[in-house]
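Presented sequentially are two complexes of chain A, the first with chain B as partner and the second with chain C.
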Partner chain A sequence: MNGVKKVSFPSFTHYNYAFKYFMENGVGARYIMPPQMTLRTLDRGTKASPDYVCTPFKTTLGSMMDCLEAGADTIFMSMGLCRLGYYGELQEQILRDMGYQFDFVNLSEYSTGKRRDYIKALKRLNPRMSVAKMMLVLAETVKLVEQLDEAEAMYYKNCGFEKVKGSCKTAIKRYHTAVETATTGRELEAAYKKFKKEFNEIELDKPENPLKVGVVGEFLTAQDAFSNLDVEQKLADMGVEVYRYLNATSRMFHYKGKNLQVETSEYCKYDMGPTSTINIWAAKNYASHSFDGIVHIKSAGCTPEIDIMPVLHNISEDYKIPVLYLTYDSQTSDTGLATRLEAFYDMISMRKKVL
Partner chain B sequence: MQKNKGAEPVKKKITIGIPRAMLYYRYEVLWKNFFSILGADCVISEPTNKEIIKSGTAAAIDEACLCTKIYLGHVKSLIGKCDYILIPRISNFGIKRNMCTKFEALYDIACNTFRKTSQKFLTYNVDVIEDCPEENAFINMGIELGFSKKEALNAYKEAKKGESESLKNHLKANEGLYKKNGLKILIVAHSYVAMDSYIGKPVTDFLKKLGTVPIMADVVDRKDALKRSAKVSPTLKWELSRELVGSIDEHIDKIDGMVLMSAFPCGPDSMVDEMIIRKFRGKPILNITLDDQDGTAGLETRLESFVDILRFKGGTL
Partner chain C sequence: MKEAYLGIDIGSISTKGVIIDEDNNILASSYIWTEGNPLGSAKKLLGILEEQFDKETYQIVATGTTGSARNLVGAMVGATMVKNEITAHAIGTTTLYPDVRTILEIGGQDSKIILVENGVAIDYAMNTLCAAGTGSFLSSQAKRLGVEVEEFGDIALKSTHPTQIAARCTVFAESDLVHKIQMGHPKEDIIAGLCKAVVSNYLNNVGKGKKILSPVVFQGGVSKNIGVTAAFKEALGCDIIVDENGHLMGAFGVAILAGRSSKRKVFDFSVEDMEFKTRDTNCGRCPNNCEIICVYRDGVLIDSWGNRCDRGAIKIGTKLAN
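Then we have the complex of A and B:
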């Protein structure tokens, strides 16, 4: 169909909807929604991956296989500041060696810092793409991402205290469905307004001073509920307000690392890696706002996140705030996680009573 | 950090501690020259031994890579023995010429790990994308030590000359190895793995003992290697890995086999080694992951059988 591609991006939490909106309305390609990741996704990804590469490599590789099975003929892969920047090329090589046939658009190949190179990448998805239209929809997509992140933040802050079980989940699911089917910026706006209204009407039973936990960690594992075994939901369900500063909005669209570094300069002189500054800043911020605990989430072998752990140790010591370090690999079990979370919860709730 | 006041006639000589790990093997000549021209003394830590690994492991995050543990062990062994310990922060040399994020963080890791000691650390920051090339970094470091801008610049230029001289000699000697008789095995590893006396050196020594010629892949014409690596793997962005891949591409026809050697769990290597295995077919490859376990019997068996395979292929077994 005139070189218009059926494109997929590996599954990554609620940003799937933003990709869909951008690809279909902005670029004019068809978007194949990546299937919900399952254990099979992780299994297949792990089998095809090198041994000790970080876990997101394995999940995204598995997700690419899912997408190709679901009918995509083109995979779109992001660039990145850490190993993520090399994901695309190696994953393409592995999939081709396995025998999959597809087009691969790897943003890393186009990351020369010039805007026209990114447009070249998008033109491969639809040669007749209108750049003006794409830019317009890109602005709408950025807005959409902000709204999705905002909705998620509201959700994890309140869902542990709902009076009718599941009412928060229903509201956010309804919002996601509305976003998935929207085709104009106006529809997105309306959906968000409706969600906010609906969500604010949900009856809550929240104590005056609830337990507050801040989440920091690796960009993909900390955000993607499948990758972190829904750790935020599990925490919230115990009756905790869960905060996470790290998301696409604050790391990509509103990010000004140099200004965050002003606050973190007592702990580190330089930017230590892709998400280090934002995480150290957030951790210090949680600590100084008397949160009850911090949860640090990362995949096994994530170099930048391992590197900030000495800093988190020091923040924990200076502000007397407990930090739970969670490492995920392809074999992390749900029960093991639940046990650790329960122990953590018991500890912070006892501390709160005593202090 | 305190600045020394002006150039007083009786200035106490500064001692700089340099950990014998990580980028020491790459910048040894540059650092030593720079500081000796400025009139500072250098203290180099002992070659890696069991004690150093043990204390480094205790200081480091348990999931950190073996090289980080070794590095922190070296830093720890220098504490109290010098005025400053040199820990550079090297982020990149331009677009697609990054260092592993470890080298961005190393200075702050060490400062946070050893913040309870009164040890002072010295650093310089190379970040070409953020407009901070090596020359500026060295000038700033010189100024921080109390020297004038001019002194620092001269020392840097002089030291750089010495470095390129030594690189040239080193390269010439290494290229000679490819012409030698016997089984030539390319050691594809970062210099701080291959040259480390505790983890990498035993491997090359053992290969020599078996009568083969191990050749370091990272001793290569760097510019040429970068160009070659861009052809083999266009989005590969780690400077050190690019040099290795370029070196393989250049020498693949002159060698009998390759040993990929990486320290557990090295981030870049976990992906680049896989790519090397998939891209360069036709030559036997042995993939070794080193950890801080003591027993070498298992490793020796693997090396022996690898060499046997090479001999068998070459018809000399």
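Then we have the complex of A and C:
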């Protein structure tokens, strides 16, 4: 169909809804929703990856295979500020060596910071894309990402306290379906309004001063429930309010790195990588707002996140707040995770009773 | 009839059990090897406990399980409390030593550190991904050197000049060790070096960034090794308390927790004669292919776990089809 591509981006929490909206309505390409990741995804991704690479490389590679088999003919890959910036090039080569045939749009090759270069990348998906329309839809997409993140924050703050089990999950699933099928900005607004109304009507059984845990960590593993074995849900289910400042909204669209750095200057002088400043700030913020605990999530070998661990030690000591460090690789048994989470919960709840 | 509580701690290497009365006095206790068979060793353990236990005056009204096979054995004995080993250890030790500040624990496969303030755990850490510097490392090296792991401590104390052994990773430690043996280092120096290596590995990995304050309690199977205890004393520069029941602390803690909870169920030693079987099946209802473990008592399903969603839920009470 005159150069219009069937494009896909590897599975990454709820952001694929935003990608879909942007690609279909803004760029005018077709978007293939990546199939939900399963153990098979991780298995195939791990087999084709170098052993010591960070886990997100493996999951995104596996997801790319899933996308290509689901009918996509083009893969769109993001740029990044750490090793993520080199993911695309290597993944493309691996997939080609395996025999897949596809187009690969690697945003790293266009990341000059100039608008016309990004437009060049998008024009590869649809040569007749209208730039004016794309810019308009881009604004709507940014709004959508904010709403998706906000909905998720509401969800993890409250889902552990619902009276009828599963009612929060139903509400957010219904919202995601509405977003997936929306074609105009107005529909997106209506869906979000409806979700908020529905969600606020859910009956909760929340104590006056519930346990609060803040999550910090590496960009993909901390956010993607499949990659972190659903750690936020597991925590919430024990009866905990779970907060995570780190998301696309706060890291990409409303990122105030300089300010955050000034506010955390007693802990670190320099920016140490893509998410270190935001995580240190968030951890300090949780600690000073008398949260009960912090959970730090990273994939094995993630250097920027290893760098912030000594800072978290200091915050933990200064504010007397326990930090649970979780490292993920391609293991899928959650027994070890359950033991650590349970113990962490027992500890913070007993502590709260005494203090 | 007085109340009593049973606690069982089924670890990767050893199985521990205690029966306590209402005042936390130990009425019966035992420590045996798991030998890769948690159900069998739990049965054997119950047999030993039954012999020591005075059934005329006491009745077991609550049962707790902990350790890595806590779910499996919990289903078998009908536990009223199934708790992770970190909490169980913290509770056990703080009951015996209310003013303890640091609990060091090295077991067969894992090691942990628990920091305590005012009798409540305030921070903990556990080894991740790797079992370097735990009991299983010591026992495999003991085999290589041709000594019993139980004699390790006594031999280590004879050494005046411990050999330096790289401790970061078990595999590296082992090749370093072989090298030092072939160089001609005496056995007691090597064994003392191993004990030191376990301690420095522990302090660098699990204890990293944690403030270790006195009083310090050292427990877990490895605490029975006086060589390691001496190495801890030297490294931390303070006295180390090793309780004579330090290896039972997990079982003791979970027995206390079972007693404290309001759930009551009279425990009957007859489970020793029942037949327990486990079977794993693959769900197959989506590409996740969850492995579901089913536990059968005399051919009837009593529990199952491993499924990630409701699709894999299995009905309790189903008969085992042969």
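Basically, the second predicted complex is superposed on the first by the 354 of 355 C-alpha atoms of A that agree within 3 Å, B and C clash if a C-alpha of one lies under 4 Å from a C-alpha of the other, contacts with A are read in each partner's own complex, and residues count from 1 in each chain.
Quick note on the criterion: a residue touches a chain if its C-beta (ideal position, glycine included) is under 8 Å from a C-beta of that chain, and two chains touch if they have at least 3 such contacts.
Predicted model only: the values in this text are computed from it and were never measured.
Once the two complexes are overlaid on the shared chain, A:Pro322 sits against chain C while remaining clear of chain B. Within the superposed three-chain model, A:Thr38 lies in touch with chain C and out of touch with chain B [touch as defined at top].
After overlaying the two complexes on the shared chain, residue contacts for A:Pro50 are found with chain B alone; chain C is out of touch.
In the superposition on chain A, A:His313 contacts both chain B and chain C.
Once the two complexes are laid over each other on the shared chain, residue contacts for A:Gly88 go to chain B alone; chain C is not touched.
Judged by the touch definition given at the top, the superposed model places A:Met347 against chain C, while chain B stays out of reach.
Contacts of A:Lys269 after superposition on the shared chain: chain B is touched, whereas chain C is not.
In the superposed model, A:Ala300 lies in contact with both chain B and chain C.
Judged by the touch definition given at the top, the superposed model places A:Leu246 against neither chain B nor chain C.
The wider contact with chain A, measured as residues touched, comes from B rather than the other of chain B and chain C. When both complexes are aligned on chain A by C-alpha atoms, chain A residues 300, 309-310, 313, 327 touch chain B in the first and chain C in the second. By the touch criterion given at the top, residues 38-41, 300, 309-310, 313, 316-317, 320, 322-323, 325, 327, 329, 331, 335, 338-340, 342-344, 346-347, 350-351, 354 of chain A touch chain C in their complex.
Within the complex formed with chain A, the chain C residues making contact are 68, 83-87, 90, 118-126, 128-129, 209, 211, 286-289.
Chain A makes touch with chain B in their complex at residues 50-54, 57, 81-83, 85-86, 88-90, 93-94, 97, 106, 108-109, 111-113, 267-274, 276, 300-301, 303-304, 306-311, 313-314, 327.
For chain B in complex with chain A, the touching residues are 61, 63-65, 89, 91, 95, 100-102, 104-105, 107-109, 111-113, 115, 123, 125, 233-237, 264-265, 267-268, 270-275, 278-279, 289.
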